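As written, the chains take the letters A, B, C and D, and residue 1 is the first residue of each chain.
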Amino acid sequence: MRGYKKPTVSVIGASGYSGAELTKILLRHPSVKLEKLYAHTQAGKKVQDVYPFLDTDAVFESYGGEKDTDIYFLALPHGEASSIVPKLADAGKLVIDLSGDFRLKNPEEHLKYYLKSKDPDAVLTYAMPELFHDEIQQAKAVSNPGCYATSIILGIAPLVKKPLNSALVKSINCSAISGISGAGRSSKVELSFSEMSGNIRAYKVGKHQHTPEILQALDTDTVEPRFDFLFTPMIAPLVRGIYAVLNIQLDKHLPVSQIEKHFKEFYRSAPFVRVRPTMPEIQHVAYTNYCDIHIAESTDNGSAVIVTAIDNLVKGAAGQAVQNMNILLGYDETLGLL
Amino acid sequence: MRGYKKPTVSVIGASGYSGAELTKILLRHPSVKLEKLYAHTQAGKKVQDVYPFLDTDAVFESYGGEKDTDIYFLALPHGEASSIVPKLADAGKLVIDLSGDFRLKNPEEHLKYYLKSKDPDAVLTYAMPELFHDEIQQAKAVSNPGCYATSIILGIAPLVKKPLNSALVKSINCSAISGISGAGRSSKVELSFSEMSGNIRAYKVGKHQHTPEILQALDTDTVEPRFDFLFTPMIAPLVRGIYAVLNIQLDKHLPVSQIEKHFKEFYRSAPFVRVRPTMPEIQHVAYTNYCDIHIAESTDNGSAVIVTAIDNLVKGAAGQAVQNMNILLGYDETLGLL
Amino acid sequence: MRGYKKPTVSVIGASGYSGAELTKILLRHPSVKLEKLYAHTQAGKKVQDVYPFLDTDAVFESYGGEKDTDIYFLALPHGEASSIVPKLADAGKLVIDLSGDFRLKNPEEHLKYYLKSKDPDAVLTYAMPELFHDEIQQAKAVSNPGCYATSIILGIAPLVKKPLNSALVKSINCSAISGISGAGRSSKVELSFSEMSGNIRAYKVGKHQHTPEILQALDTDTVEPRFDFLFTPMIAPLVRGIYAVLNIQLDKHLPVSQIEKHFKEFYRSAPFVRVRPTMPEIQHVAYTNYCDIHIAESTDNGSAVIVTAIDNLVKGAAGQAVQNMNILLGYDETLGLL
Amino acid sequence: MRGYKKPTVSVIGASGYSGAELTKILLRHPSVKLEKLYAHTQAGKKVQDVYPFLDTDAVFESYGGEKDTDIYFLALPHGEASSIVPKLADAGKLVIDLSGDFRLKNPEEHLKYYLKSKDPDAVLTYAMPELFHDEIQQAKAVSNPGCYATSIILGIAPLVKKPLNSALVKSINCSAISGISGAGRSSKVELSFSEMSGNIRAYKVGKHQHTPEILQALDTDTVEPRFDFLFTPMIAPLVRGIYAVLNIQLDKHLPVSQIEKHFKEFYRSAPFVRVRPTMPEIQHVAYTNYCDIHIAESTDNGSAVIVTAIDNLVKGAAGQAVQNMNILLGYDETLGLL
C-alpha cells in the first residue's frame, strides 16, 4: 500500500462532468480521503450549489500549485494538464490525468489530432488496466484512457493482441454512439435540449482524436499486416454511455462461440469486463464501471461484429481513473467501485 | 378580402423557433405568397442551411426597413419590435407581432415584468381569436398572445367572461409545463441536453410576464370580486407543448358536466378549441393549432380543475399568428392550418 | 442495535423498479447482509440477467413463507403484502412494507381508493422519519410512505403540524409530476417510449390513492378548520423523480423568509430534507435520498407556493425504506445512503 | 391521369403509426379524396379518439373485402396483406402495400427472414422511386420499401448500380439507428419509456429482414464480384428517424468530392434525395420525405463512409407510399409532400 495509511486526494478540474463523477466516487471510497476540489471558473462556490446531488460541504478552490495531498486527479480540458502534471510527479505525488495531453507518443499525431504541439517526453503510462495492469502498478503518474477509446479497445484487443487460430485482423470499422455528457458541460446551441432531443449527429468521421490512441494501445506496429481502421463517432439523445459497434474483418472465419471463449479467457482477470451472451444495452452499464461485450455475429467470410457498452463518465472516465488509483495504491482494483 | 389577390408576406425574425414554424406554415398556405425572411444574425445564410426541414430556397436577409409586402409577421425578441411595428402600420401593412411589446396597456406593469419602459400608446388589439374575433377583424395591426397566456386564458375565460349559474371565480392557481423550445434557440448551459434530460425546473413563480397579459385579457376589472391569481411555470424534458393545470376556486359548486357544456357552448364557433371528455396530452396537439381542454374535476366546495394542452410553437405562437392573419384577410380562420 | 451483529435481509418483490433500487442500496450497505431476493414471475433467473447493473450473483427465488432472515422488505403490488406481513411480524421479524396495504386507518377510504376491502387492524406505523421518528423507533413493522405522498407531505407538514404565527391552512392545491418509473415495470402501450416521449398526461385528478394517505399523515382532524385539498398527478418524459408544486392558501400573509426559517427549524434534525434558497430540480436529487424544498412565493393574500423534488425510487421508495430500516435497527439514519 | 378526376383512397391498417402518418398526409393531399380508414382492432372507434392530432371525423371500420375506392394503401403487419392485395389488384385497383409480403422474389429468403412461406408469384414492383421510377409508372400494384432498406439503399446505390471510375464495391458494413416508432405501436416492456430512455440496443445483427431486400434492390447478381454485406440495426431513445452509417470498401480510392459529384448526378431527378456537404441529422429530415446523404470520408485504401438520414414514418413508410401513389397516378411526384 506504498506506506500510506488513508491517502489524501485532490481533484483538479472538479467542476466538469468527469470531475463531478470523480467527486461522487471518491466521497464514497472507503480507503482514501478526498480533500480538495479545484475548479477555476467555479472557485469560491460551494460544490453543492453546482452539483446538489454531491454529499459534501466542500467549496471549489482555484488551483495555485498546491502539492499537499498524496494523490491528484486532473480532469482538465485538453492542453491544461501538460504544465501541471510534471510538477506533481516530480514532487512524488501519484497522478492520474484524464486529459489527452499525455496519451500519444507521437508528437506529430498529437499535433494533427489535438491541433497543439507537444513535448515528445510528455507521455505517461497508458492506464487501461485490462491491458497494462503491471505497467500501471509500476507507475506513479498515468494517463487515463479516452471514453471512446475504452469502449473500442476493449472490444478489439483480444483479437489483435492475441490472435485466435492465427486469424489476422485486416480491417476494423467502428460506429460508436456517445451520450451528450461526453461533450462536457456545454453551452453550445447544437447541444441544447431543443436541438438534440429526437436527433442524431455524426461528427469527425475518420478524424476523431481517439483514433491514434486506439491504434497506439493496440500496438499495431508489431502486428503484420497492419489493419485499416475507420471510426465514426455519433451523439444521440441520451446523457450517459457509449455504445460501440465494431465490424472486424479477419482473414478467416472464427465461430462466435470460439471468439466468445477467447474473450472470456483474455479478460479472466478483468473484474469490470463482462463478456455476455446477450446484447449490451446502455442501461445495463450506466452508473457502473462495467464494460459489457457481446460477440454479435461472425460470417463465413471472416467478418465479425462485436458490440460493447460502457458509461462514458464512469468506465470511460472517472470510474476507470479510480480503478487506476486503486492499482497505484496496491488496493483491490474494485475498491469503492462496486 | 381587402382587395388583395394573393397577398405577399414577410417574416421579420425568421430564424428563431417561432420564425421557423411560421415559415413552415406560410410555405404551405394556399392563399398567401411568402416573399422575404429577415433574420439579423443569420443574414446571408440559406434558410435550408439553418433549418434543412424547410422547403425553400430562400436566403435570410437583414431587415432594413423594407415595406414591399402586404403582410408582416414579427417574431423578434421582446423590445425589438417596438420601433418597427408603427412604421409598417403607418404604411398600411397588415402586421402580426408575436412579441410582448404591444400586449400590455399598463406601462407600469410592462416595466415591472419586461424591465423596459414603454410608450402608453404602444398597444395593439390582443389577438386571441376565440375571445376577440371581431376586434381582430377590424384591426390592421395586432399583437399575438403569449404561449402560456394562450393555454391559460382559454381554460379560464368561459368561467370568468360569462359566469355559469352566477358562480364567481375567487382564485386561480395555475401550474403550466412548457417544452424547452419556449426558451428560444438558446446556448444557455442550463438548457443543454445534459442538464435538461430527466430534469424539471420551475422558474419565475408568481413573476412571469404572462401574468398581467392573462389578467388583462380576462378583463378582470369588470368582474367583482377580482380573483387572486398565481402562476407557476416549469420546463420539462420535451421540446414542444404547454400543459396547463388550472385550479379554479369558485364560490359555489358546479358539476363537471355543466362546466363542460358551458365550455362547449362558449367555444362553439372556435374551430381550434376542443373541449374533450378525456385528459389532454401534448402528443394530441403537437404540430397542430388545437387547444384541447378537459374539465378534470369539480369538488363540492367549488374547486374545479381544468387541464389544457397546446403546441407552444403553433397555437402558442406561429399557428395562432396565421389564424390571425386569416381573420385580418377575411379568409376562413383555419386556412392553411388543417 | 437490538442484539444483531450484522443483520440479514431479504427483499420480497425484488424484481420491480423499487425492488431493484432496494437491492442496489442494500448491496452497498455496510451494516446489513442481503441474503434473499424473492420475485414470483422472475423466479429462477439470475438477478444480473434482469438487472445487469446490479453487482450480485444472486438468483431470484419464489417466496414460500420463509422466515430465515432478520429483516424483510416487501415491494409487492398493492394487495399482495397483506397476507405476508402479519406472519413475518408475528415471527418477530423487522418488516418494512412498501405497498399501500397497511397505510390507511380507515377501511372505507382504503376501499374507495384501492378498490379492495381491508381488515381494520391492518395498519402499521406510517414510517415517514421526518414526522414520526420516535414511533418508527418503537415499531417492529412499518409502512413505507407512497412516493407522491412523501414529496407532498414534506412540503406541507411544517405549516399544518406547527402553524407559524397561528396561520391556518385553508386550502391546498398540488400539482405533481412523476417520472414514468412510478408506474412500475410496465407493458402498457400508453407508457411506451413512442407514446411518452415529448408527452405529458395528467390522471386520477382528485382521485389518487395518495390523497387520504397525505391527509391522514397531516392528522388534519385535530386542526381546525380542516383544509380543502386537491391533487393533480401527472407523468412527463423522464424516468425518475417527483416534482411537486404546492399552492397553499393561508388565512394570513407570511413572508417567504419567515416560512423558510420555519421549515429549516422544523427539519433541523432531518438529514435528508434540504430547505434551499434556489429552485429544486429533479437532477439535484436523482439517485439520492434527498428531498429538496424551496419556498417559491408568498402573496399578500396568504397564497404560498412551495416546490419540492425527490427521486421517486429513492426517497419515494427504496431509500426511505432503508432509512427506516436504519432507524428500526438503531443505526445512524443515513447509513448506506450517503 | 388514368382517367380519374379526384381519385378516392382507402387505408387498410390505418391505426398503426404508419397508417396514422398515411392518414395525415392523405388528408392534406390536394388531388385525392381519403374515404375509408380500416383498422381491425380499433374498428368502431373515432379516428380522433385514437389519434387526436388527425383532422378528421372518420371512424375506423373493419375491412370486409370492400373494393369501392380507386386506390388502396395497406399498412398491415407482415403476413396479413398477402391475401388481400391480389383481390384488389384483380379488381383493377391501384395498390401500394407497405408490408414485406411482396418484396422478396426468393421464397427461401422470405421464409428465412420472415419465418413464413410465400407464394413465388407474390412479388410486386419494388417501389423505390429513385431507382425504379419507370417500372412503378407502369405498375398498378407496388410494394413499398422497408424503412431501413430505404435509408441504406439510397446511400449505396450510386456506387453499386453505376460504378464510378470502375471502382467495385468489395464489402459494406452498415450500422443504422432507428427511432422506436419503427417497432410499431407496441406494449412490449423493453420498448417502454422507462426501459428505453437513456438506452441503446442493437438487435438482429446480420439477421434483419431488410438485408435480402437491400441486396435484391441493388441487383447484386449482375455485379461482379458480389460484395459482402453486414447490417447492424439499433434502437435509440428517439421516436422518429433512421440514421445510417455505411462503411463501403471499394477496390480503389475515390476522392470525397468525386463521390459527391457522382451522387448528385445519380440523383439529379430525385426531388427527395439531398446530397449535402454537411453531416445529416435526424432533425433535418423529421416530418419530411427527404433522404439526406453526406459523403463523410474516403480513405486512401478505398474505404468510404456515407451517412444518410430519413424519417422512418415518412420517407421510410407513408411519405414514400404517397410518392409512389403520385407516380402511379401520373401526378407530380412531390404533390402533397412538400
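The criterion applied here is as follows: a contact is a pair of C-beta atoms (placed from the backbone, for glycine too) under 8 Å apart; a residue touches a chain by one contact, two chains touch by 3 or more.
Given the structure is predicted, the values throughout are model-derived calculations rather than measurements.
*Asks:* Centre to centre, using CA atoms, which chain is the farthest one from chain B?
*Replies:* Looking at centroid distances, A is the chain farthest away.
*Asks:* Would you mind telling me which chain pair, C-D or B-C, is linked by more contacting C-beta pairs?
*Replies:* Between the chain pairs C-D and B-C, B-C carries more contacts.
*Asks:* As a quick test, compute the distance in whole Å between the mean CA positions of chain B and chain C.
*Replies:* From the centre of chain B to the centre of chain C is 39 Å.
*Asks:* List the centre-to-centre spacing of chain B and chain D in whole Å, with centres computed as mean CA coordinates.
*Replies:* For chain B versus chain D, the centre distance works out to 37 Å.
*Asks:* Using mean CA coordinates as chain centres, what's the gap between chain C and chain D in Å?
*Replies:* 47
*Asks:* Two-or-more-chain contact residues of chain B, please, as numbers and ranges.
*Replies:* 179, 195, 197-198, 237-239, 281, 283, 286
*Asks:* Can you tell me which positions in chain B touch chain A when the two form their complex?
*Replies:* It is residues 17, 179-181, 183, 185-189, 191-198, 237-239 of chain B that touch chain A.
*Asks:* Can you check the complex and tell me which residues of chain A touch chain D?
*Replies:* 171, 173, 175, 177, 179, 195, 197-203, 205-207, 228, 230, 232, 234, 236-241, 243, 245, 247, 249, 279-283, 286, 296-297, 299, 301, 303, 305, 307, 309
*Asks:* Could you please specify the touching residues of chain B with respect to chain D in the complex?
*Replies:* For chain B paired with chain D, touching residues are 49, 52-53, 55, 197-198, 274, 276, 278, 281, 283-288, 290, 292, 338.
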